[in-house]
Structure formats: structure tokens, C-alpha cells
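Shared between the two complexes below is chain A, which pairs with chain B and chain C, respectively.
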Partner chain A sequence: MASTGSNSSAPAADAATTRADILVALTSHNDARTVGGVVRAVAGGLSQYFGDLSAQVVLADGGSTDATREAAREALGGAGLVELEYPLQPALADVPYHGHPHRARAVRAAFQEAARLEARACVLLDASLNAVEPAWVGRLIGPVLAGRAEFVGAHFVRHVHEGALTKGIVYPVFRALYGVRLRQPASSEFGCSARVAASCLEQDFWETELAPSGIDLWVTTTAVSSGYGVCEAALGPRQAAAREAATDLSTTLAQVVGALFTDLDHRVDIWQRVRGSTPVPLVGEDPDAGSDVRPMAIEGLIESFRLGYRELREIWTWVLPPRAIVELRRLAAAPPEQFRFDDRLWASVIYDFAFGFSQRVMPRSQLLRSLTPLYSGWLASFVQELRHATQAEIEARVERLCQGFEAEKRHLISRWRWPEKLR
Partner chain B sequence: MLEQVDRVLREAMNQIVVLTAGFLPGVLVSLVLVLATFVVAAFVRMMLMRGLRGLEFDRWAEQAGVSGLVGWSSSASPTTAVARSAYWIIVVLGLLVSLTALNATMPSRLAFSVFEYVPHLLAALMILVIGAVAARFLARSVLIEAVNMQIQSARLLSLVVKWLVLMVAVAMALDHLGIGRSVLLLAFGITFGGVVFAAALAVGLAARDVVGRAIERQLREPPGGDDRVNHV
Partner chain C sequence: LHWYKDAVIYELPVKSFCDGNADGIGDFQGLSERLDYLQALGVTCLWLLPFFPSPLKDDGYDIADYTSVHPSYGNLEDFKQFLGEAHARGLKVLIELVLNHTSDQHPWFQRARAAPPGSVEREFYVWSDTDELYRDARIIFVDTERSNWTWDPVAKAYYWHRFFQHQPDLNYDNPVVLREVLAALDFWLDLGVDGFRLDAVPYLVERDRTSCENLPETHALIRTIRRHIDEKAPGCLLLAEANQLPADVCAYFGQGDECHMAYHFPVMPRIFMGLHLEDREPITEVMERTPAIPDSCQWALFLRNHDELTLEMVTDDERDYMYLAYSLDPQARLNVGIRRRLAPLVGNSRRRIELLVGLLFSFPGTPIIYYGDEIGMGDNLYLGDRNGVRTPMQWTGDRNAGFSRADPARLYSPIIMDPVYGYQAVNVESEESDAASLLQWMRNMIRMRKLFKVFGRGTIEFLQPSNHKVLAYVRRYRGDVILCVANLARTVQPAELDLRAFEGMVPVEMLGYTEFPGIGTLPYFLTLGPYGFYWFELQRSRG
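Moving on to the complex of A and B:
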């Protein structure tokens, strides 16, 4: 397949636009129901916050078969919307967890368009979002234009079991590795400067196998590991319409954690030097998450963990030390009301899997999928502990978990430096 | 009379000397070949031991499931076993070659027939190794997926897949060697067909309601219907 990037063979509309201060890129894939609302919110936000600057809204659609493009054009009044054309990804074995199979190429096309327009700030929003506020645009672009940050991550308010993969694995590992407390490093919504976009375009991850599902995380790690200033934008709750062909839990976990471990494997020389972590500024204020959420049944999760311990223990011993297996045995035997996954144990399990992933102790997809019962066990413990917790208590609990990951980081470094010693 | 006896004896002696003179070089060559065979075999064994240890072959074999399948004892690691096998194969082939140097008809025929059989043997061995690796990989995949789908009999499913693949591999290897071709084919067909028929009967008679409910659930719910939480 020819190298991508020759995007913007765009129609006459963008040929006229040679420069813009701001580029807002919407990535879509069969989002006819929601794209109109997103476009209107973006247009409103641009006129409300940056009316005196030139801005360009682009749609990087990934081969939608519904009326996504028409809905977007209609929402913007038929003018001003540039539709990026880029080569679509060949068919994938597994659809990415977010349901957009061409996301990596869409993001790259957006960055290339930003470079062509010499945009000072670039914002990416997913068109599947149900409730985008005009203020999002202001919060994601404002810090970049003001020179306060070069990368603005999204900060969503979430219930205890929402985004548990991010809370339990992605955020703690990302924070321990790079020392930056960016709460949602794999979010599809972010703002960045032209320099960050240019740095990302120089990376070689665009055509890799996990790029469609891991691109958002990798953009964030590129910005952070390159030393650019970062901050977060409080965007409230994230409500996205489910795309078709949603993936199951083990596939989602394999994609997200696989992207994280791949990044970890490629930036060893950077994260080995980082100690501790620092908070990042938050732009805006988080609203209350509300309490209208269906409680999660944890019995099934505990049973899944126990079944996993019974049947996959032998596979886990390939990456986990005997001490961890003994602790997992104790946990599997614990009654549901006393079911608590220790933070240090969870951190060491994740780091051991990361090491096994790097060493290819078994086919990577099998290793990642065998993590699912362990994640179920951790999630059961987490939800049980915070069943009636407030948002602040959830934040405090995640903070304690992250400290556990930071404390265990020395073992991860040891494993990487002396793999034979610890095998 | 004495002269005649003397002549016959001389002629006999001459014949023995001629025959011995004709036979001795072959014996010498054969002895040299035997010696060379043992030297080469020992050298190959030593090199294989070093090379495979350097490549961590034991770990690879364990991961691929080859060692578990063949059941190496603790005293004979996969590396040692491979090196020993190579040693004895070279020794046997060397001895056969040395027999042909004696110009004996029977050993020569035997040697040639063995040499003709060696490629088939190697191909069969390769089929077995690939089958073992594939069986292990598929069995592990099935086990992990079944556990993630919370199927209680995940281990049983995994074992069924493993032995099915191994049976196919063994059948293919024996077929390649030409051993009991028709009997093997018939036995495999009967066994495989029997298993499928038994499974169909079991599902159709005993688990009809369960399967019906599962299909109904699948049709009613979208993929991952039980997992409505956004984990990312």
C-alpha cells in the first residue's frame, strides 16, 4: 500500500483557503445522527470564542455509508466545510473499539491539513459525540493560542465504572511512565499546537497494526515525551453514540492495552529516566457527574476472575512471579464481600504483562486477552469499594492507585534492565 | 601328483590373495568412513548443543509446546534430544554409506532404500512438529477465548481442539510415510465422523433448549450486549 498522507485532494472550497489560525477536524464514520450537532457546536464555539481569528472546519470522514457528509454540510450551511480525502485503511481483522476503522489515517490527514494551512492550533473531535458544548472549542484551543500549553487533553467526568480501563491501566501506567498526570491520555478529543502536530507527523507509528485503535494515545505520548507543555480541558461528561460493530471486552482490552504496551516498548530510554509525577493545569471546572447511572453487577466479574484463575493460571505463570500467583489464589478464594485487589499487586501484574509483551513470551494477542479475567477482578474490587462514592472520593481512590503504580515502577525498570535475572 | 597338489594350492592361494587384495581397499575405505562418521556426528552434536543453547531453544520449545508434547524428561532437554537425534541419524547414515563401500549387494540395496526413505521421514517429522505447534497455539487461543466468554468447560473445549489437530497431524504424517494408508484413513474418518455425530446428537437431544435460548439471545442483543459499559 502506498504511503498515506497525500490527503487534502480537497474540493475547490479549501483550495481557496491558504491559511487559517485554527483548524477544527472532525473524524467521522457513519455518524449521520450526531455529526450535525457536533458541527453546530464547533461553529458556535469558534464564533463565540475566536470570532476575530480565521478558522477552518474540516471533516475527515472514514468511508461512511450513511449520510454523514451530507449532514455535516447541511449543519454548516453548505459553505466553509472542507472534506478531507485520504486513502482508507485496508480491512482490519478486528474493528477498533471506538468503531472508526480509519481513525489513524483521519488524524494524519487532519494534521497534514493543519500544516498546509499553517494553523497555530488544531483541535480534533469525534463526530459520534452526542453532547458537544461550544465551550469545548474554547477550552481545547484557548491554552494553545495563549501559549500556556502545546497539548490540551480532554478531562471528562465519569462514573465509577465508566472508563475503567483508563482509570485502572492507561492513566496509572501513562502517569508513572512519563510523570504527567493527564487523566484521559487516550481520548479522541484534544487540542494541540502546530509543533505537536508536526512532531506527530514525523513519527513512524501511523501505519502500524495497532494505529487505528492506539493513535490517540500515541499522539499524547508524543507530545508529552517530546517535552511540550500540557494541560487539561474540563469537558464534563462524555456522551457518545455507540457505533456499529462494537467490540467485546477482551478485544477492547487487547487493543487499548496493546497500544499502551507498544508505546512503552518504544520509549524505554525516555520513561526509565522519569521519577514521580506532576499535576497539569485544568482549564474550566468539572460539573457533577450526577447519579443517574445503572449500578454495575460485580458478581459476574468476580466469577469471571475465578474462572480465569482456575483455567488461565498456567498461562499467567509465564509472566507473573510465584508471589503474585499466590496472592491471586488468595483473592480467588476470598468471599465476595472481602474481594479486594491490592493496588501494588495490580500494578505489578500490569508491569509484568508489559514485560511479557515486550519479550514476546507468547503470541501478543493471546497474552493481552488472557489479561481480561484479571481486569474483571480488579474492576469488581474497584466498583465494590466505590459503589456509593462521590466524585471526589473516586478521584482520591484513583490517586492512591496511581501512587501504587509509581511505587512499583522500579520493578518495571529492573525487569527491563536485567531481564535474565528476573526471568 | 605332488606337483598337481602344489599347483592347485598355489592357484587357490593366488585367488585368495587376489580376492583379498580386491576386498581390502573397500574394507579400509569402510573403516575410514565409520571413523569419519563418528567424528562428524560428534562435531555436529557439539555444534548443535552450543548453537541451540545460544538461541534459547529450550525456552522456545517450551513456549511452542513441542517439549510438552513429546514429553522430554528432565535429564534430556529439547536441545539435548535434538543434538542426540542428529548424532544418531548421522551415525546410521554413515554406517550405511560405509557398507556400500564394501560392494556388498544386500547392504547396498538396504542403504539406497533407506536413503530414498529419508526425505519422507523428514517431511513427516516436520508435519508432526508443525502440528504440535499449531495444536498448542489453537488450544491456548480457544482456552483464553472460552474463559473470556465465561464458558465453564473451557478446558474441555481446549483439549478437544488440541487432540483434533494432533490427530490430523499424526494421520497426515503416517499417510506421508505410507504406513497403513487405507486403514488409517478409514479409522480417522470413522473417529472424526463419530465425534461430530455424537456431538450433534448430544446438542440436539440433551441441550436443545440451551442452544435455542443462546441463539435467541444472540439474535436479540447486539454484539457485546452484556457489556454496555464504556471501558475506555
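Moving on to the complex of A and C:
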């Protein structure tokens, strides 16, 4: 493995004299079962791909109460793990969907350490992953060191209903707004240059309310909106052990979409000037996702949508125009086999919610939670349509959806620039 | 950097905005209570008219103490609280620094008139044994003053005043005066104010056989103040009030080492003139005569303010035209100008107001909105001096327009009550609930203006469509290219624009984000409704 420049027991003060070309930061929270595998994969990747460079592996643990730290130390064999100490986040009302309540501070601590070490490249990996390959390290770091990109996003292979929130909202909105086709803009795994890390450290989002759940997305939008070159690393499937996390869909949706809308509110002068979108280079090849996936029952999702229409229609009228409400009524009345959520309608719904969020037409958490049945309806439609689709067909369908979001972007800009008074 | 270039400034007299302690006079407590309104309006900087202790013979521009608050408006603690709350909302605060003169009640003047001639105390002001000195200096307030000299029986000498006789001019040939003024400036800087409007700057220094305006010594003095500001509080703004021709005003920017901003006085009456003539020429002529200014500097633009619509800087013919066009009622005339608010000036025409605001927001400079103009407030020609445009802000249709809970007889000024502009017809509360109100429209316009830095920072080039009722210009800043087209006429007008320089680009109407046909080599044809105006982003074609 590459020279690390310090040993596992070295306190931070000793490490202060060192420099490293690469910093690999593992963010953990009660990941004793998985962190060892991640550490070993990282060590293997560094040795295999960057043996002639100095590297530092750091653990940004978020107050684990299990043996996460010990497992990480043991996995690295006493050679080179630095454990970052940083102030933990005060207790949150809801655990973030990813289960790491201190993630924003962990990411910041990692970036600060990268700056201190003057690292040329920095990689973040979540320690809950249980199938990390050494090649991930090569793909996330290689483009940065080679000067081909300054931000490397993760590109995971996913079945139709996996990562549906990303497929249905985060990716299409991110792509339409910033014009960059990064498939998983909110991924916890990414690589970046020293300049991107420094740009992020200059941002004022670190201590905001949604930072623990939104930080990964915000790092990506910072990189993209600052004009840094980006690419993606093909990482195969993402398999992570379950942490104690937000389990209900409404909370997850509110956290993820809230982070997205919050960011959008702060970068108006950038996204309103972006037209169209461009693909980004993919490093490595996606493996076949295989067909070993449990079918998803959509009846419950449709019923959730119908119930939402009955119970939340009044709230929706605060942000959705009458035309959308009428279309949703038609959809609620449609038989399951004809249940299709139109792309244009879905895009305009999301954009109208984004606008309502910006205008604070009602408490933001209430608004975001009222989106849940609409998302359920969209997901039912998406899964039903692609129940027997191949990976390529799923990709093509997501592409069409994104085009719908890009086409409807003018609707968002128009409302944003010249708001009609809402109720 | 240069925050003032992207600012939208809101001018308000503290006494007129909101009365927090129910004594009939607006105060800092009331103003603090209304900061949410200002934040929601979208303005980014508040310019407060003088709020210092004063006999109030010139609405506070006759200052009797530079480092305190007039008791009618509260006290220093109230000011500090207001400033903190404004800053917490992202609002910067600009205050007045009246350099040229004080009140005759200021202790400096009382001390000076009793001090022996030639003493430091006496020399705080400009004295003479005769009223013959500086004869080439014009009289500014021709309606009230016959001379710039007034005999003081205590001093047994004449004292110099460019404005009212109760406002003796400070003597900057005495270095102690500047030291005292800088101490006052430091006092407010230490509290955290973000800038100063330098009142009446052209008149600071007097020299015989000159007009006593814009003298080199005056500029040297301003440079000294600027250096002091830059050392003490970098980023703090100096805004010059110099009602002069653009070429003379430019001197107040220096080489970027005097004032950061200065009012563009001549453009305002010419906008009104162009509107009434239905001809762009008065506007383009003055804009093209406007010299370039240093990169760090900025024009301050306004349609109306707390003074009369000044006609000092127009020709005699133009002045006559303006009087005939905008002040048939002689009551509306004051000094060399017209004392009216925006809405009454344009006959309460919503379309004309919108057009004028559209021009204000898209011309190169930082716009200043006068309080109440965002809701279309009216004025009262029968109040003396310029008090008719300084009436209480109209918040609601309730008693005292929601301005004060005092007995109506205690109000510092009557509320506007006529059937057209009266508080029951025009007030914030009703416009808040009206989706089509002028207030909602203004909020959207401010939002748009702030979205595009090109308006505050970009270059301007005028196009020359054959139809002179149409005003068209292109603003550019970095990658943004904005085409602005305005119809100055009350009827529908065609416009053929030579846009060959932008061939292949697509105009996207900015307010509705509507794509228009692409630009080719032929003249680009547009139809504009009465007083209509469009802003277009010129975007590269998608392919």
C-alpha cells in the first residue's frame, strides 16, 4: 500500500507535520460490521492504483457506540489510520435518512483535513457499505489526479425501484437546473480536488438545519455551479447495511427534497442561466444489474396517492395551479392498469412545490410531507410501466423523464421571476 | 465588492414611516416594526433622512447635534436596535452627513457668534463684514432667500449660507471643523452604519470670483473624507448629492477616490419630459452626454424623492415645458421644480408608473425608491415647502392610515385623505391582499432587478429605431446581454430594431421567460402596447 506518513495511534498533533497526495475519508456511525471491509478495500485500492503516491486514510466517526473505531483500526493493521475529532451535531428531531446524524460535520472535518495535508485529491466513502471494491478508489481518485475532472460522482447500477427518489426527483431536477447529467448527485461517495473541497469549505451551509441530510447534494451543486469539471465513476450496485435511520417515506422525502429545494433557493442566479444539459464522462463500465429483484407491489402506492388526493388536495391547491389539480383528479380516478403519471405533470408538480417552498406559502415541513402521496403516485406509475424493463430500458425511460423536466424548466423560471400572488 | 452596485435603495424619513409610541411622529421603534415589510418588498438598503436633534426648520437638514437622535424619533438605543434588526434582515443602512452647514441652533454656531473674530471658535463658520463677498455664487432657494449673507447682530458680522439663513455654512478652511466632522462620522461608523449620503457637497468651500461650487478645494476635502472612510471602514459607502450637470457631478467620483456614488440629477426630469413628449430624444441625449465613470463608482437613479422634482439642470425651454406639462396648478411649483409624488405626476396612470419604474430599474445605476411610491401614494399641495410629499405612510384603511395610534390632531402632518390617493383607497394592507396591486408588481420588479447584475453593473448602448416614440437599448455584463425596449407613447407602437449584431440569438422575454422568434439579418419587428416595455435576455440558440 502507499506510504501513509503516520501510524494508527498517531494523535492529530503528530499528523500535523505530514502531507499527503490523497486523502480517503470514511464517514461512520455504528458501522462496526462493515467498516473493516471498507477499510480493507480502500487500502487495497490505494496500493493497487496509487502505490507511488502518499495517501492518508481518515475515519470521521460520528459518535459510534459500537466498536466501529476499533474495527477500522484493526482492519488497517495499525498502519496509518487517523481518527478525526470534530464536534458532534446536537441531537436532531429526525435521524437523517442515511442514518449518520453528524454527516455534515464529518464531511467538513474531512475537507479541513484534506486542506491541512494539502491533498490533491479527496475521496469520501460511507462506512456502512458492505461491498466496496478496490477499483472504486481508483475510479474516484484517478480522474482528479490525472486532471480530467475535479469532481467525480458515483454512478451506481440500480433496479427500477432502487434509488427511486433520485430517479424521480433529485436527478431530473439537478440535471435540468445545472445542466449536468450526474446520475447520483446526492451520493455519499464521491471524489474531488483540493479546489472543490476548498470551495465547499467557503460555503455557509454547514450548520444549517438540513445540512446533515443535504450535505452530499450541496457539495455536488457547489462543484457543478462553480464550473469545475465533473465525471462519474461506475461503481456497480450500492449495497449498504441498514443503520438506525428515518424509516418513513415522508421524513426521507422531506429531508432529501428539502435539501434540494433549499439549495435551489440559494443558486437562483446560476440555474436560471443554464439551458439544456450535457452528459458527463463515465469512468469504468457498469456491470449488468441482473434480474434478481423482488417485484414491488404498486397497489399500496396507488391507494396512498388516492388517499392523499382526498385528504391533502386542499394543501396542494396552495402551490399547484387548477390545471394540475384537475389532472391529478383524473389520475386518482383512473383504474390501476391505466395509472400513468405524465412526465410533464410530474415535472410541473415538483417545480411548483419548489416554488411554494421558496415562497414559504406554509410551513416548509408540512408542504414537503404533503408531497409524499404525489411521489407515491409517480412511483407506482414508474414501476408499473417498467415492471419488465431491462436496465437499458429503465435508463431510456429516466432519460425521457429528464427531458420532460428540462422542457418544463421554463415553467419554473417563469413562476420564479414573476410570481403570481399565492393564497 | 461594490455592494452598492447591486443595491435597491429605499428612501424614508423616520418621522413619516411608522409611529411606535403613539405620539403622532414616526420613530425608530415604529420603523423597526416595519422592517419585515421592507424585507418582503425586496429592497436591500435603507436611506434614512436626517434624524438628528434639530429645530426642524428644514426637515432635519438643519442639524443641531451630529451625534445623537432627535427625541421625537427615539434615542440612540432605539437606533442601535433598529440597525441591528435591519442588518439581521440583510438590509444595509445609509444615513445623512450634512457637511455643508449646521442649524443656527448648533452649539458650534452659538459659540462662534459670541467668540472674538479670528478665534478658532469663530472660524467654524464663514463671516464677513460686508455682504459683497462671493457675489458670483447663485442663490439656490430663490423663493425664500434674497442673499447668501445674513447679518448676525450678536457677531456683528454677516455669515454665509448657501441655503436657508438658519443654516450657516461651516468653514472648512478651519482644519478643526473637518476634525470635528470626522469625529461625528466615526461615531456612526462605530455603531455600524453602512454609508453616508453627503448632502450638498458642491458648496463646501468658498472662494471669491467663483461660483463657489465644485471648487478644487472641495474635492480635496472629499478625498480626505474618503481616505478616512477607507481606513476606518472599508466598504462603507459615500453618496454625493451634487445637483449639477453630469460632467460636473463626475468630478465627485474623482479617480475612484472621492464618492462611490452620486445622483444622476438631469436624467430624472428628462425621463418625465420624454414620457410627456412621447419622444426618446430627451432621454437618449442626456444619457449620451453622461461621461464614463470609474469602475468602482455608480450612479444613483431616482424618479422622485423628498425634494421637489428639480428643474435646475435643464434649459429654460425645457423648464417651461415641464411646468406646463406637469404643474398646471401653480401650487405644485416650488423653487425651481415641481413638488409632487410619482403617482400624481403621471396622472395616477398605472401604465406610466410601470414604464417609469421599468426605465429606472434598467438604466445604468442603482435605483432609489421613495417611500410610498411603491403603493402609489399621493401628495398634498397645500402643505408648505416640500411637506406635501412627506406625509405619513399609508399602512391600512384604519384610523391615521395605521401610521399612528395617536389622536389624529397630534399627527406631525395630515394624512392624505382625498378620494383618489387617500389612505382608504391607497394603503399597504389593501395592496397586500390584491394580487394585481402596484405593490405586488413592485415586489416582482425588484426581484427581477436583483436577479440580474447586468442592470447595476453592465454597459449600455442605445439603438436607433426609426420610430422615436420607442426607446431601445442593450445592457451587457459578462455573459448577460439584455435588450430593453420601451414605448413612451399612450398608443400602440411598432418598432423595427437593427439587431444584426445579435444574429442567431434568441430573445427570451425576461418576466415570463417566453422565447421570441430568433434574430436574423432583417430588422427585428416588435409591437408595443401603450407605455409597454419589454426586457429580453438574448440567449444563444440551442442549435
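Just so it is clear, the second predicted complex is superposed on the first by the 403 of 423 C-alpha atoms of A that agree within 3 Å, B and C clash if a C-alpha of one lies under 4 Å from a C-alpha of the other, contacts with A are read in each partner's own complex, and residues count from 1 in each chain.
Simple rule for what comes next: a contact is a pair of C-beta atoms (placed from the backbone, for glycine too) under 8 Å apart; a residue touches a chain by one contact, two chains touch by 3 or more.
This is a predicted model, so every value here is computed, not measured.
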Combined model on chain A where chain B meets chain C, clash or fit: clash
Touched partner set for A:98, first chain B, second chain C, both or neither: first
Touching partner for A:362 - first (chain B), second (chain C), both, neither: first
Touched partner set for A:304, first chain B, second chain C, both or neither: first
Partner touching more residues of chain A, whether chain B or chain C: B
Contacts of A:115 with chain B and chain C, given as first, second, both or neither: neither
First (chain B), second (chain C), both or neither touched by A:88: neither
Chain B versus chain C as contact partner of A:201, first or second or both or neither: neither
First, second, both or neither for A:269, with chain B first and chain C second: second
Which superposed partner A:53 touches (first chain B, second chain C, both, neither): neither
Intersection of chain A interface sets (partners chain B, chain C): none
Chain A-touching residues of chain C, taken from the complex the two chains share: 435, 440, 444, 447-448, 451, 453, 479-480, 510-515, 539-540, 542
For the chain A and chain B complex, residues of the former touching the latter: 97-98, 161-166, 170, 186, 240, 245-250, 252-253, 256, 296, 300, 303-304, 307-308, 311-312, 315, 318, 361-363, 366, 369-370, 372-373
Chain B residues touching chain A - in the complex, by the definition given at the top: 63, 137, 140-141, 143-148, 150, 152, 154-155, 222-224, 227, 229-232
Partner chain C, residues of chain A touching it in the complex: 268-269, 272-273, 275-276, 410, 413-414, 417-421
